[in-house]
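In the two complexes that follow, chain A is the common piece, with chain B as its partner first and chain C second.
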Partner chain A sequence: MNRFQYASPVTKQSAVELLGSGAVVLAGGTDLLSLMKADVATPDLVVNIKEIAELKGLEHSEGSGMRIGALVTIDELLQDSRVQEEYPSLIQAADGIRSAQIRSVGTVAGDLCQRPRCWYYRHGYGLLAMQNGASMVVDGDNRYHAILGNAGPAYFVNPSSFAPALIALGASLKVSGPNGEKEIPVADFFQTPQSEAEKEYKLSDSEIVTQILVPAAAGKANATYEVREREALDWPLAAAAVSLTMQGDQVESAKVVLGHVAPVPWNSDEAAAALKGKAVSASVADDAGKAAVQQAKALSRNKFKIQLARVAVKRAILRAAGMEV
Partner chain B sequence: MPEFNWPESDRRWRIGKHRTRVDGPAKSSGAAEYTYDVKLFGMLYAKMLACPHARARVTSVDTSAAEAMKGVHAVRVIQGPGTEIKWAADDIAVVAAETEEIARDAVNAIKVDYEVLEHFVFEEDLDKAPEVNPAQEQTTGEPVQAFSSAKAQSEGYYGCRVVSHACHESHGHVAHWTDDEHLTVFSSTQAVTGLVGQFSEALEIPAANVRIICQNMGGGFGSKFGADRWGIECARLARQTKRPVKLMLERGPELQIAGGRPSTFARVKTAVDADGNLTGWDSKSWGTGGPSGTGSPPLPYVFEVPNRKHQHSSVPANIGPSRAWRAPNHPQACFVTMTALEDMAAKIEMDPLDFFLKNISLTGVRAETYAEELKLGAQIMGWKRKWRPRGQSGDGPVKRGLGLSLHTWGGRGHQSNCEVLIHPDGSAEARVASQDLGTGTRTVIATVLAETFGLRVRDVTVRIGDSRFPASGASGGSTTVGGVSSSTRRGAINALEILLQKVAPELGVAPEELEAVRGRIRVKASPNRYLTWKQATGQLGVNPISATGRNPGPGKLIDSGVGGIQMADVSVDVETGIVKMNKMVAIQDCGLIIDMLTAESQVYGALTMGISYALSEERIMDPVTGRLLNDDMEFYKLPGIGDIGDLVVHMMTGPGYDERGVIGLGEPPVISPGAAISNAVANAIGVRVPYLPLTPDRVLEALEKGGAA
Partner chain C sequence: MPEGKRPEETGSGISRRDFFKTSTAGAVSTALISKQGIAAPGEVTKLGPDPVKVKLIVNGKARRLKVEPRVTLLDALRNELDVTGPKKVCDRGTCGSCTVLMDGKPVYACSILAIEAAGNQIVTAEGLGSPDKLHPIQKAFVENDAQQCGFCTPGFIVACQSFLVENPNPSVKEIEEGLGGNLCRCGTYKGIREAVLETAAKGGFDA
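What follows is the complex of A and B.
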């Protein structure tokens, strides 16, 4: 293992000052430590942020929604009664993380910043897994890879459990860096890297996510549906989160975001449009699912994921509408 | 000479009861020491350099940087320049260092140049195989005629992938030279006795100077009979550095180089007459178990179809070599046969339960057992109430289906020696150089010893896992329980005989008029005349009684040959292709059962392992590099408790079973799950998914082709 320095600051300010090129942030560590063990991450400096009190805590305020501190664990989120009432989509996403250990130490913010599970990346072939000018993913086994946004050179899927639900709910992130604090919609946080030098999210080496701000979900029906092979710890093969603003029994507006299908959480305006002005039914939900994968393109081994993504969208919509899945 | 037999059913106080493991508290509290836990004073850690290519020639190895690293004590090249590497992750060099981290860094610092050669890892595509070794065709009866006169024929294609053994405790050893000529090896092994010779030969020291210790072990499944090249290297490093050295495989290599089960693909044709009697079988199969291919699965399996032809081709491929995987070749043969038969039953619109029962005489000597088990299984499963013909399982997206299968295995007890001691203070002890793979060997020996002496199980001591004890066979092929229970029984009877002779005068009867029951040595005819066990052993003087027992030996204590059936109830979501287990029923015989809970647990474990290879477990090879892509527990998918459904185990006991004596149980119950679950899925969705594991992509593809969503 690469030798590295370790720092454990107690203020946000000092954390930001320590960060920079070659530094990594350690919160729950459930992803970082495995990356370091596999020599995929080789930091010079590990900055533990768990001692920073101001990054803790989950708060609700009337009207303005919820503030999730960067150190809030998945378990803390799951156990919050207001989250259970207002944001079923987040609870359902958290429930998909079937490891008591990860839920107890892994953080919600860390879930957004974890690196892709692409097996070429994890075996040290790089985020884009290019070899002699060709993509190993395209030529190799891509059964778990992208079906949307997969024109290349990135083919991995975004692994976040919470990003689709947060985007559907209109959440944003507070990010601290050398130039102070800024707020970015979660929807704009992710990017599809075009070169090995780029990351899959817009956070420089000297920035940290400090808070997640989730607007009040009053009146919005929201749900997440994951298609997973196993009940045990397993990555979804496809997932979808929806947030529906209802007008009577009709959908006034909708947000539909897919997970595990593209290098970024995939916002589907097509699916949202298919719902607008309609009463939710199985066939309307299925139409939305179909619309969501209209542009999908299979790689050599992952055609089945198109069907799974479609079903995930359909079932998330039905679940949000309180209908049998 | 005393008589060697098992007590009659009304005289079994310990045997056949539900008893928790004697080592359960130690294991569940973490006190039990596994090889992985062994930490000796001054011990070094060894790590191996794995070849990143599936096929390559080593052109140069430069270890100088690694050797220069602080904390590195030794670097050895295992496969140097000129060697052709035939599978990825094969070991090139090994390093011993002060810490695991330094050892890893040193491994990374070794520079190896390879000439990368073309690899072949997708054996299903037979046309692309650079080498195929067809075996001789085996023909019985008149298959051609059987097919031409058949009332109905069914054809199918079936394939199951290579799976790894995936032992929880990885392979490995701790080697410790107690002096220049004496080696002690702590080993995670299925063969405590068998490893002595392997280490002595490779290290060129007398076998008498080698001691193997394995007190607890986290699974082997057939992959841990050998010292392995890395074990020998571990001992060499220890000799070279004069320090104990520990070498345990990391998870990646464990899944790649430490054992796998060969794949099997088969095209099968079956024929029946107008009454639904099986008349013809024709199969062409192939598969790989690594660079040396693989042997033929026994096809057709169990059902001796009167007219049959079978041909198998062995395909060498650049994957880590196979090792015996729990019931070698049987799960594959069972999968191919029972699915083909179920397809035939569906074709002639017959309930497969009726079809199997109709043809049950083709199963030979176990036919009656199978019939009895099928009927009992059907009752427990509610088969006749629940079963629907294929594709008639409702309108919703979730379809439910039932499937069944049956299997056989030998399981005769292996050679085993046991020394039994009765100490003057009343304590009793059995010593066997056997091993407990997690299967309950200790508990079985304790139960037999306690039963024979009329003591409580907690009053006896079992010592195993040390090659200094009397030699006993390797734990493979379901041979251990028969071996150790019979050697222990004989040793205990011999020891008791000596004790009875000693105390008979005091009780005023001949020794043969005495019995050891409930903590007493008593007169059979007048049970109130007795000595307590302690009073009796108190007469021994200074020295304990030492007697031995062996297997094979006098008296019928063991047998061979079992038959079991399994039924699966699954739900398949036809929109996602995801299969969920509702229930599995396993009916199994294994002769006389020493400990019922241990036997049932063996079947529960086998069902879980079976569900794993049926639904999710496979080696995923990379077309680009030929490496294993899922060399971790994240994507090498094993089921969790929520994935296995309701497991129901029923052991066949009583008259007709018990008097056969003890028969092994490790292999049989893992044979049928793949076939039973595949059949249940076909029944649910109306179309055969040809492959195991039954992953969503394969289920959806079959539905798309079969058009029966």
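What follows is the complex of A and C.
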């Protein structure tokens, strides 16, 4: 880890003033410290945001939904009884992050801002893992890499378990920066970098996420289903989150978002279309799963992920509809 | 600051002297000194990169040390304070051998900076019991053969203790899920499960 200066501001304004080129936000540190130890992140200044009181707390308000402060930990989200009732998809996503030690300090906002787990990236080859003008991923060990949105130049997968669920629920982020506050839908937050100069999400060096705003989900059936290699201390191989608006026993509209399959959380309009106007059944859910991976393209070693993604979509739909998975 | 008074004894984990030295703000307000040291609203205060005085509260005792901001809580405990229960294995928050309690919650000491932990209550396996007065979970580990090489044991002990506080009457499935943050390379999970079940069956312990 390189040497750095450390600051612990108590207002978001002073945090934003401290930030900028060479500075980095420290929340729970469960990802940042690993990046720094690997010299993937080499900040001159670490800005600890945990003393900023206005970033704390999770609140529900009637009608307008939920506000998750940037410092709310995964554990705090899991313990919230309203979240358990109204947003099972978030609980099911949090449940997969299976380590009490990470949940106790890791934040939900930090989960969205965590950097990809691609081993080329984590070993210092950059997000695009280019060497001599060619991607090391394409000819390398790509068993955990993207099966969708993988035409290049990026092949890593978005690592966040919360992102698909938040996008399916229509959530947005509040961001503070030198020019004040702005709101950005989680669906628009992520991007596929086209060069090493770009990041995989739209946050400048001097901006911080201050809140996650989740619309009320009353009446919307929502669920997440993940497929994992190991039960703990690992990221999913494929996951899907769905949110269904029902009209009687028929799906009026659906959002289906896949995780860990593409450089961004992958919104599948194809899967949503396969559900529209139908009553949920195992075969309808399977059709939606099939539609979700229609465009998928395996790299040399990750064909197995296509089937896992298809099953994740099918089971997330069945789970949302309260059916046996 | 009056001379003679230790700089650490100002209520903050970080010395006021270091604060004044490194503060980039002109006017310094003493009204608001946060736990980690420091900034009043609107002020911009930077510490380091040279060593900074930090007070850690480890197993109930205040311990003073000087560390660079980049030093992790784990390295501070082991290398500066000789508290070697927490072990350094993966150093990436992925094995659990460095588990300590911070304000009662289990955390990976490798993934927290010492400077962040200033002022928080840190408890390691050493703080739960002593050789002549073992904590019930420590005793149960001995009785159930819950270790082989024993390198992961202090982390497991701390994780099991906090798990039992939250789950005084756990099922085997809950134990497997709740202790998922710790790995045992020798595969002594069976003994560990039995130690947790036995401790729970005996009525647990006072947290």
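The rule is short, and it goes like this: the second predicted complex is superposed on the first by the 325 of 325 C-alpha atoms of A that agree within 3 Å, B and C clash if a C-alpha of one lies under 4 Å from a C-alpha of the other, contacts with A are read in each partner's own complex, and residues count from 1 in each chain.
Definition applied: contacts are C-beta pairs under 8 Å (C-beta built on N, C-alpha and C of every residue); 3 or more make two chains touch, one makes a residue touch a chain.
All figures in this text were calculated on a predicted structure; none of them were measured in a lab.
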item: Partner chain in contact with A:Leu233 - chain B first, chain C second, else both or neither; value: both
item: Which superposed partner A:Val46 touches (first chain B, second chain C, both, neither); value: second
item: Touching partner for A:Arg98 - first (chain B), second (chain C), both, neither; value: both
item: Partner chain(s) touched by A:Met1 [first = chain B, second = chain C, both, neither]; value: both
item: Touching partner for A:Gly29 - first (chain B), second (chain C), both, neither; value: second
item: Touched partner set for A:Ser253, first chain B, second chain C, both or neither; value: neither
item: A:Thr245 touches, of chain B and chain C: first, second, both or neither?; value: neither
item: Touched partner set for A:Gln13, first chain B, second chain C, both or neither; value: second
item: Shared chain A contacts, counted only where both chain B and chain C touch the same residue; value: 1, 98, 231-233
item: Chain A contact footprint on chain B (complex, rising order); value: 101, 104-105, 108, 575-578, 615-616, 620-625, 627, 629-630, 632, 634-635, 637-643, 695-697, 700-701
item: Chain A-facing residues of chain C, complex; value: 32, 34-49, 52, 68-70, 72, 91-96, 99, 102, 105-108, 110-113, 115-116, 159, 162-163, 176-181, 183
item: Residues of chain A that touch chain B when the two form their complex; value: 1, 39, 98, 117, 119-120, 122-123, 131, 136, 139-141, 143-144, 227-235, 237, 301-304, 307-308, 311
item: Interface residues, chain A side, partner chain C - complex; value: 1-11, 13-14, 17-18, 26, 28-30, 33-34, 36-37, 45-46, 48, 50-51, 75, 98-102, 104-105, 231-233
